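Report on the following structure.
Residue numbering begins at 1 within each chain, and the chains themselves are lettered A, B, C and D in the order written.
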């Protein structure tokens, strides 16, 4: 084993780290206090700088304008970007666009690429992924009420979706809809369909108020009603019935992205916590950090963050070496493990800040409330734990 | 020991429980989604009904227009009211007014009573308590930068306070300020002074954005700069240098109020969690509540809430029987114990709700973000734990 | 509510507390280091003193030679006795004899009383309860392999039991065996049968080595093979098929006994922890208890123990007022809640003792290893949590 | 980064894994049930096989008869060996001998090597490390009551030590004693002295009863009184006053050995837990492992063990690349982090086994009670957490 980082990657990371600290961290309070839309012009300037640095879309293969990195190397970058709530956005590797780019690269026709992928990669448009439904448990993605029925050379889509993140201002949605209700396997019933958001029948009902904030533009989660929404059959991404299969492909790398982003948040929160503890006087001569209960929070966080990072990078390496299927226990494990580390670290950082911690004078309260969802989205802790256990148990059952 | 509830109290609780469920819980979504000010007219109607029911200001002695209850009996009412974010407000026993009423009853002159206490009790005005300062650790309330210097028959107050909750719209503030910097004991340096909020030099700088929301009116936490703010010396509450002593008196009963309110929140969250688990289908024939990981959350919550309630009521009983000093270990213990139960129960209730849990379609997300402060305000966990331990350790040191 | 303790009970508790501290706590190291049998003569002397004090068999009704206490009052005594590993034994209210006495009082015929109950109450003999089987999950007591087949006027018992605690040296066992395999309800298949341990076919195979110690005499857990073990049909306790029903009756009060005993252990461990922290110098001028990480352990333990005690006493009161069925959620809740508090408090007390904590120079290590089973016997945490949840969920399902 | 394992190491690990499973795991019940001494002849046979396999003393450099492995590679072996309570012993890399070999290699004179190191490496004798004292907090190793006073060409040693592990049957002790009480730095007061255990004045007072077992031979922890114990000055290891410095050197690699051994225990416990869950029927058709509360234990353990392993290996790599000093935060962090994972995994494995878990029919109960000390020896959690935090805080203080 070699835990070393090669020189090129080291240099890349240093450049990005400096950029994040100098260009993005100063935007924290604006991000928390303003609408996202108001921040977009500033972010566009930052995006230009990223392009100039040659660091644009770092998750993509070189032939698609990215950096052609291994998943491990991109993971480390995702951590650095995670330190700022706008880090991934500014580098154009933000969810859900990053995942959408990946499945478009894999499955899009030439027309689809030209219309959807290319401007997405260039950062000219945004997209969304419209899967979760309020009426069905998200923990079980094979249950779905939204249908796409063929009518001539069109699909007619009907259904209600929510938590379609970033739909507000997006150019198109990748919609999961049941196209083959009679398929034998429940994993073969749905397809993914590209739906421009200006299509009649695409109704953005509301930006859901999440943790007190409906948000706007990229920073929002929409409820969408598809009401006889018609798109050409050519808008289907990949084969009919392949919706889940494609969604699965999106998962492994996306999991690494999320987890490393969370670890970036952890490191930023850790930094704020330690700085506060080191510099806040409790009473003359005694700093907050002199108190063991504060020290315990720092030490537990240090160990947990470092352990989490290694677990994720190890998983990234395994995905690349052996494929997603071989790594599926770890892909589930990092999801709940890191999300819980994240919640704990943020909680401790807030506690160490005292009253300041619950204000929006630091980004901690933002992350505390909005990353509570980390233990829910992409499958709640409970589902992932059950899956890890079932796979471990299966080893013994096969043996017997 | 007798854990029974007498008939009169039972009837009172039933009436209040019904009122909260029928009149107040329906206001949850309005409360979360609107400004507080917009809700005030509705709340005024509810307040009228409470007066008609003869349940107004239940925490006060009968001679001051209250119900003359024991602390144990009021505690149980506080739990019922806690189920709604506007419960205490509608019954006029909300913090910080309830505590201010108590110290005014104890220490106010006749003029002060007429001007401040009486309209407060009648619910015509609101008040605030201006103690915490951004520059000094709240965990150590004997450090304070705000001064009140005598100039003729006036105090001239200068300093910066924050987390002066509900200052927006309040008629007066009870301000803690150093009046006797040379006092031997650091507990004798400050006095409490009544400052009408329209006094020149009382500058409400901002409603602090807390967990994404500056809030407004009663539901806000202000930063206030006292800039040569002059009030008559007669506005001092109680003797010079008695500020901390009076603040301490406020603590014991206030602790019971808070803790029982939190338990009310816990019960409401528990109810939402169990209902969701009982009625949400995971897949055909299997409800969310059939899953053991969900069951564990329900069972842990049930046990913790019930244990917490008994601990608080036992403490209330001890305060009344033996006084605050005798009960000081328990008064500290319930603070951190119940605040942590509250955070855990809310966290579990959200998790059981999945995506819905982080939205504002239930009150859970509101409580999750705004009651994070419960482990901080009135002394962070760490301070209370240290105090409990020091008192336990002192028993042995005295022995030796 | 009245949390006061009446004078008679107060005096009783003081007498017992003094007895435990002066007569029993000094036996701790002998108990940990010797065989139980070697300690019996000493314990017999102590038992004599208890009889002289008029405190013998405190759990029993007066007409059976006990103190005729309410369950709440006995609970408080059980806590005091729990401070010593031999406390319950010396007062003749130890498991499993106490529970056996209770069911014999309720169900025994006159002959059975004379032969089994009376000498048991007088402390002349011991008994055991033979239910758990190695081949079947104890968490599901309705599955059972041991059978009692009628042959003339005898039952012929065959089967294997384990964790038949205190069988070594016991005079008789209460054996659960399937007598009615064809009964419609699985709760009506088994009966309880009194089996003298000198009956041919009662084979004590081994005292199971538990946590490194097979133990002996009262302090042991036997594996027993019933091999064509014949007893008169008159040895059946209660009606045929009533085995589970009777076992259930044993449960409620027994749960209170156990939980309060655990709280007694907690208090003794707490005392040792605080004393150690108060008196152990870490380096000149700094005691162990000055360290906040130690303080946190003390404070968390203080709050948890007090909360647990109130929860159990409240449950005892509810059982007496409304019956076991009405209190069944709480009866399950206290089992897992208190057992976990116990484990945590012991763990912290050991940690504060450092190396000394894992030695047998204090009783902490004994409790740590042997009370690990508290989360398993009488139903593991998981079963009780599931039961609490199911009962809470059922409320909603009935509503709908 | 490359998480791959090279072919030679892969083969080595496979050989060892097979050896441990086939030759050592079958000894588990003998180990738990018998005295260690009774097991020694069997272990000698196994040791012979290890030598024949060319895997003897894998932690040592090749020139001293070891495998000359990197710390990372040895760490992986330590994990495999940790699966058996006798694994390290059989490979002659057990504590405290392994650490003693390392410091002898570094500091011994030729005579010392011939007399102490060489037979130790060959496995002909055993040794012990005599540092901790009952009167002084082990958490602060610079306080020490044992003295070695020069008298002619001898040291006269006086003092009381305890937790001198494996002294029973050892040939010599490495004793820490104050030789330079007047040294300026408290880190320069003590020296390490080699004391043959047959020296007059070396009094092994008792094997301390730990968790119910005094143990014997290698598996024991002695209390030793040094009473005018005289050894030649030439028996000093390294320079005068260098005792702590040498003890520190022992620490880094020793930490990796311990942590990886714990991870081996975790993996064995995990295996037992999953196997039990997969094969134990709860009721017809439902296995223990079908229950989500059991699944949660499996999944949490899987994630924690994997995270812990990566954290330790990363630290081992850092020690080798940058030295112990650069890695000191991580060296402290892995100590408390892994020890807690170990305790949690063992606790869960026991719980899943139910009653069986607390018996000695599996090795789980042995580890549960004896590895409770893992959070105490080599510095309790609290000390390591405080050290990690102080080093993190220092970064900010230096900056400012």
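Keep in mind that, in the parts below, a contact is a pair of C-beta atoms (placed from the backbone, for glycine too) under 8 Å apart; a residue touches a chain by one contact, two chains touch by 3 or more.
Just so we're on the same page, UniProt names per chain: A, B, C, D = Acyl-CoA dehydrogenase.
For clarity, every value in this text was computed on a predicted model and none was experimentally measured.
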item: Shortest walk length in steps over touching chains, subunit A through to subunit C; value: 1
item: Pair of chains joined by more contacts [C-beta pairs], C-D or B-D; value: C-D
item: Centre-of-Cα separation between subunit D and subunit A, whole angstrom; value: 42
item: Euclidean distance of C-alpha centroids - subunit C vs subunit D, Å; value: 38
item: Distance between chain centroids, defined by C-alpha means - subunit B, subunit D (Å); value: 52
item: Subunit B: positions in contact with at least two other chains; value: 291-296, 382, 385-386
item: Sites on subunit C touched by subunit D in the complex; value: 32-33, 132, 134, 137-140, 143, 162-163, 208-213, 280-283, 288, 291, 293-294, 347, 350-351, 354-361, 365-366, 368-369, 372-373, 375-377, 380-382, 385-386
item: Residues of subunit C touching subunit B in the complex; value: 1-5, 72, 274-275, 277-279, 287, 289, 292, 294-296, 298-300, 302-304, 306-308, 310-311, 313-314, 317-318, 321, 329-330, 332-334, 336-337, 382, 384-390, 392-393, 395-397, 400
item: Subunit A - residues contacting subunit C, complex; value: 291-293, 295-296
